[in-house]
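I have a structure here, written as structure tokens, and I will follow up with some questions on it.
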Amino acid sequence: MRDALLIARKDLLAEYRKKESIVSMVFFGFLLLVMLNIAVGVGRELDGEMAAGILWVSIIFSAVLGLGRVLSKEKENRCIDALLLSPVEPEQIYAAKTMVNFIFMAVAEAVLIPAFFVLYGDRFARQVPMLVVVVLLVNIGFSTVGTLFSAITAGTRRNEVLLPLLLFPVITPLMALAVKVTGGLFEDLPYREYSSWLYVIAAFGLIFSGVGYLLFEFVIKEG
Amino acid sequence: MDNGFKDRALPVVVGLLFLSALYAIFFYAPTERVMGIVQKVFYVHLSMAFTAFLSFFIAFVSGILYLTRKDIKWDVYGSSSVEIGVVFISLTLLSGMLWARPIWNTWWTWDPRLTTALILWFIYVSYLILRTSVEQEERRAAYCAVLAIAGFVDVPIVFMSARIWRTIHPVVIRSDSIDIEPSMILTLMITLTAFLSLWFLLFKLKTSVALTCKRIRFLENKIEGGD
Amino acid sequence: MGSSAAFLRIKGLRKSYDGVDALRGIDLDLEMGDFLSLFGPNGAGKTTLIRIMATLLKPGAGTVRVMDFDMEEHPEEFRARLGVISHQSFLYNDLSARENLEFYAALYRVADPAARAEELLGLVGLSDRADSKVSGFSRGMQQRLSIARALINDPVLLLLDEPYTGLDQSASMLLSGHLRRLHDRKRTIVMVTHDLKRGLEAATKVGILSRGRLVYLKDRAELDPREFEHAYLRYLKGVPDA
């Protein structure tokens, strides 16, 4: 864990210096919120689930921008070789990158979700503490599987194009669940109405953190 | 000699099984009372769905075996399985739509089974796209193995989450009983056997072509390398 | 001193990519304190050999043993004592020189990363630019910093893959000086290079790798530079690119 924190700290420091990932994620997510607002018709009253769908499409599309960069940055000057040459275990690199992706996503959401309430109406801003829980659980699911897949695409010729092609099919269920639960929150439904879906979201994160932890080594190393 | 005979016998067996399946579907099994002739697509539909699922399971197992043993033959088995599986899952979706249009009055609906099949289609087509994007063989094998494992692990989650949408899909086979006539069951069994034998034939052809290609390339390199 | 056990022993090492053999059976023994310069035409398998020794690649067949390190089960213990310099800098552009070194020092569990970074910055003459971002550094400065980076854990085995490629004059001299000093301190060095002069100057052993085989291996003391140059050019098949 010590090594993972060390690598994550290094990544966050570099991002703090340049802010390139976060800025593009927030900008793109905000742009999508506006475009989707136009797409559904400006001034139209949306029900909770539709609004939740718009929010999650914006978040996931913006998150995928940051995801691709986190590992491809290690390819500059072949720093990834230096990490693999050090006594650090590959699992630690996986944990570090997953943390970084999780944090990037959370920071972007901290801007995008308030922006969403401004654009789509603050009548959806109910059960906010629960919304935070849901968002963080979805982030875990997204960053665990996303980090594994970004390691795959970082080793291909078509990194940035390929990542969403591989990732989106696998996270479609996660998105469906996120929309369902968030829609329930926006409609102010009681906990028992959506709790079982919440468990499936948590299970997704749990399962794929295991899958990523076990398999990351095989995609980051050459042979 | 013996091997050559087996190679030629298998396609004949597959052909005979398919002829019997066709006979059973159209002449032996009774026509369903409510749905009529359209119901007959069910035998083929369910057999193909099962075969597709089997393909993805085999790719999953081959993925694990490749990563633990690092023998390229497991990559050949895995990728051949996925290719065949994608064909069958596509046909499953199409045959389902052909049935759904007259019966449900819609081509498509967001039912858990349909949704799962569609997401599986996306996952394994993305697997095929990934294969074309990596040149180096061992790396491609490792990436594809990981995707085959992650994709298959996703299946139960896909199915669970697809329950979000209510179902109108007929549940024919439950854990406690099978909801159809015995003659229909027999027809289904014959059709399923036919498709499994077809799967096996395709799998054999695909893997033997791929392994032969590798062997040829290996020998070519040996000649060029002067060994 | 102790002559029986080799420091590094490679036996029957083979590796192939996509059915193409990169290494076709390498046997090599090095004593502690040896400095091996490896020459060879492009595609001879030099980089593959270095990457296998560095545990970045797994051997197809054969073994690599370094002292008593268990390369299969606990490669991290070996990596902790390994240094690698390639023509890639392994540096993070968005971090300062000091942050780069402190990060790597911490990864290698150096007792006092800040002090170690300071010491190495002085050693490669970058103390006055310690807090500037690496992206603003000249090529030469980046190379000096990458030398410092490789020495961060005071490696017992140093692997160098074309370290002189693209180095400017002062960085080359700095590197040669450090290699000499490490050699004096009984460090074992394996260097792959195209640079005949630099490769021969400090080496104790000289080898040529061609088409995946170690076709030439001699002690530097027994070697006639002219005869060696001849052999080398023959293996380059009359296309000297050094």
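Read from first to last, the chains carry the letters A, B and C; within each, the first residue is number 1.
Everything below uses one rule, namely that contacts are C-beta pairs under 8 Å (C-beta built on N, C-alpha and C of every residue); 3 or more make two chains touch, one makes a residue touch a chain.
For clarity, every value in this text was computed on a predicted model and none was experimentally measured.
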Quiz prompt | Common touching chains of chain C and chain B | solution = A
Practice problem: Would you identify the chain whose C-alpha centroid lies closest to the centroid of all protein C-alpha atoms displayed? | Solution: A
Quiz item: Which chain pair shows the largest tally of C-beta contacts?
Solution: A-B
Quiz prompt | Chain whose mean Cα position lies farthest from chain A | solution = C
Practice problem: With chain centres taken as the means of their Cα atoms, state the distance from chain B to chain C in Å. | Solution: 50
Self-check item: Inter-chain centre distance, chain A versus chain C - centres from mean C-alpha coordinates, in Å
Solution: 39
Quiz item: Between chain A and chain B, what's the gap in Å when you average each chain's C-alpha atoms?
Solution: 32
Quiz prompt | Multi-partner residues of chain B (each touching 2 or more other chains) | solution = 70, 138
Self-check item: Overlap residues in chain C, where contacts from two or more other chains coincide
Solution: 58
Quiz item: Of all residues in chain A, which are in touch with two or more distinct other chains?
Solution: 222-223
Quiz item: Given the complex with chain B, which residues does chain A contribute to the contact?
Solution: 145, 148-149, 152, 155-158, 162, 165-166, 168-170, 172-174, 176-177, 180, 197, 200, 203-204, 207-208, 211, 215, 218-219, 222-223
Self-check item: Footprint of chain A on chain C - complex, ascending
Solution: 51, 54-58, 76-77, 79-80, 82, 84, 86, 88-95, 99, 103-104, 106-109, 133, 149
Quiz prompt | Residue ranges of chain B touching chain C (in the complex, touch as defined) | solution = 70, 136-138, 214, 217-218, 221, 225-227
Quiz item: What part of chain C is in contact with chain B in the complex they form?
Solution: 17-21, 24, 58, 211
Practice problem: Name, in rising order, each residue of chain A that touches chain C in their complex. | Solution: 3, 6-7, 10, 13-14, 17-18, 76-79, 81-89, 221-223
